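Starting off with a structure, shown below.
Should a chain be cited, it is by its letter among A, B and C, assigned in written order, with residues numbered from 1 in that chain.
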Amino acid sequence: MSAIVLPLVIGAAFGWTLERAGLGDARKLAGQFYLQDFTVLKVIMSAILTAMLGGFWLGRLGIIDLSAFYVPETFLAAQAVGGLVFGVGFVLCGLCPGTSCVAAASGKGDGLAAVAGLLTGVLATGLAMPVLEPLYTATALGTFTLPQLLHVSYGVVVGGVTLMALAMFLGVERLERRA
Amino acid sequence: MSAGRNLAAAALVLGAAAPFAGSPHAASRATLDIEALAAAIAAGEDHVSALQLAQWIRDRKPGLRVIDVRSPAEFAGFAIPTAENIPIEALTRAEFAAGDTVVLYSEGGAHAGQAWVLLKAKGVARAYFIAGGLADWRDEVLSPVLPADASPAAQAAFRPIAELSLYFGGAPVAGPAGSAATQMRPSSAGAELAAIRRRGC
Amino acid sequence: MTPPRPYANPYVAGVGLGLVVLACFLITGHGIGASGAFAHVATGIVAGLAPAVAAKNSYFASYLSDGLPWTAWMVLEIAGVIAGGAASALLARRFRPGIVAGPSLKVGPRLAFAFGGGAVMGLGAVLARGCTSGQALSGGALLSVGSWTFMAAVFIAGYAVAPLSRRLWR
């Protein structure tokens, strides 16, 4: 029972929060890439900071076992290329997989079109997997984190990411005040 | 935007303190009872023979987990049947149930011995390693030796070892006259405190 | 007609989103995602229409080995996203059937670009094993190099392509 209810509840909280932030609106999302609307950056970085700092401190205090959190494996080439491709598609579409569902749920036809396009793209890519396999499985580095890459402690990276994000927020606030 | 300002302040404090807080991973902060470990090592309670492991695998010992601590590439080349590949750097994050019997092995045994210390620090109750590593498996299980001039008693004692070897796809070898037969060494995993000859470590 | 409610403070919303991600990790051991749901649905479609093709394809076969696609964790999660998004929109008086597009773009081209852009994102998400939710948010919070690489690549490509797509949005 909870195997069904849990993902529904988590998804509902996810969708609710995205909509509240206005990320169901393609113009708002695309505005990030025209330096007009920085909601995307603020939401993403705030979310990362929260989950990262929460995980770090709960783990440090022994309240949770941070090693039990699944870290996605690194496939450097595939994720770099995939990211570039994704970025192109994102500017053309104005919505990402999660926000396209929110847009569709808000009655937006472009949301529905995005969902249909995403499904088509995923399906076609899956069918093309025999051709894509070399890229898909290239540079498989396994579980590879920034602390391991930079040879510094986990806490140092957490501190660094925090400072970087706060600096971004300061910069963005200044840009917005000037606009 | 005072909400944002408060959140930023909180993030700044938490983030700035992080580099000085130590590791967030519980396993990184595990403690060692070195007295107890030293006693276990001296008593030979830290390892089992390759033949003992072979017997446990064949008899499907409940809760048995055979862990290969080498790299994935080495594991793909050859591995003990039923072994799982957990490279040593991933071992600290692995989870073991309370009733598990964990047997570690590596190429020559050194890494497996180190991995044993890591598992004891993690609190694994029944952890052992193959002292001579895969070399022991190849020698004792895959190619056990029976000298050509073995006595009938020795031949009888060798029979279960030969069966075990065949079970794992090995082949007993006829050794030169006068050489020593491969023996089922007494199990150090248990009450017996026998002095065990160790190869490499 | 009463005007729609204003959007929430993005920092507050971001923290809320981060707490959802954290809660997901605490409860399930993994992060949230979105593109995975599309992969499950695509697998279900291919398996339904051409089971032999699905079985021989390494990508679809790996999803099939996880069990029934229609009740996969991520599919149920996406159903939740739709429900939660709809609820929020309705309560904020933002539920309005229509199309969101740049001021000079007509409906037809907008839908075409939404579909086409979506298809391109589908390719990217499959290659990267995730999207902004699964990789950038969840993997990013756990400092995965691949996730941060993905995120950086998305922003780099986005800013590079944006000037060429002005007519879509400005």
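We adopt the following convention: a residue touches a chain if its C-beta (ideal position, glycine included) is under 8 Å from a C-beta of that chain, and two chains touch if they have at least 3 such contacts.
None of these values were measured; they are calculated from a predicted model.
Between the interfaces A-B and B-C, more contacting C-beta pairs are found at A-B. Every chain gets a centre from its CA atoms, and the centre nearest the mean of all protein CA atoms is that of A.
Per-chain CA centroids place chain A at a distance of 9 Å from chain C. Per-chain Cα centroids separate chain A from chain B by 40 Å.
Here the CA centre of chain B is 44 Å from the CA centre of chain C.
Within chain B, the positions touching two or more other chains are listed as 1, 4, 7-8. Of all residues in chain C, those touching 2 or more other chains are 11, 15, listed in ascending order. Contact with two or more other chains is made by residues 46, 49, 55, 68, 143, 154, 158, 161, 169 of chain A.
Within the complex, the chain B residues that touch chain C are 1, 3-4, 7-8.
Chain C contributes residues 7-8, 10-11, 13-32, 34-35, 37-39, 41-43, 45-46, 53, 57-60, 71, 73-74, 76-89, 92, 94-102, 107, 110-162, 165-166, 168-170 to its touches with chain A in the complex. Chain B makes touch with chain A in their complex at residues 1, 4, 7-8, 11-12, 14-27, 90, 92-93, 95. Interface residues of chain C, counted against chain B in their complex, comprise 9, 11-12, 15. Of all the residues in chain A, the ones that touch chain B in their complex are 46, 49, 53, 55-57, 59-60, 62, 65-68, 143, 153-156, 158-159, 161-163, 165-166, 169, 173.
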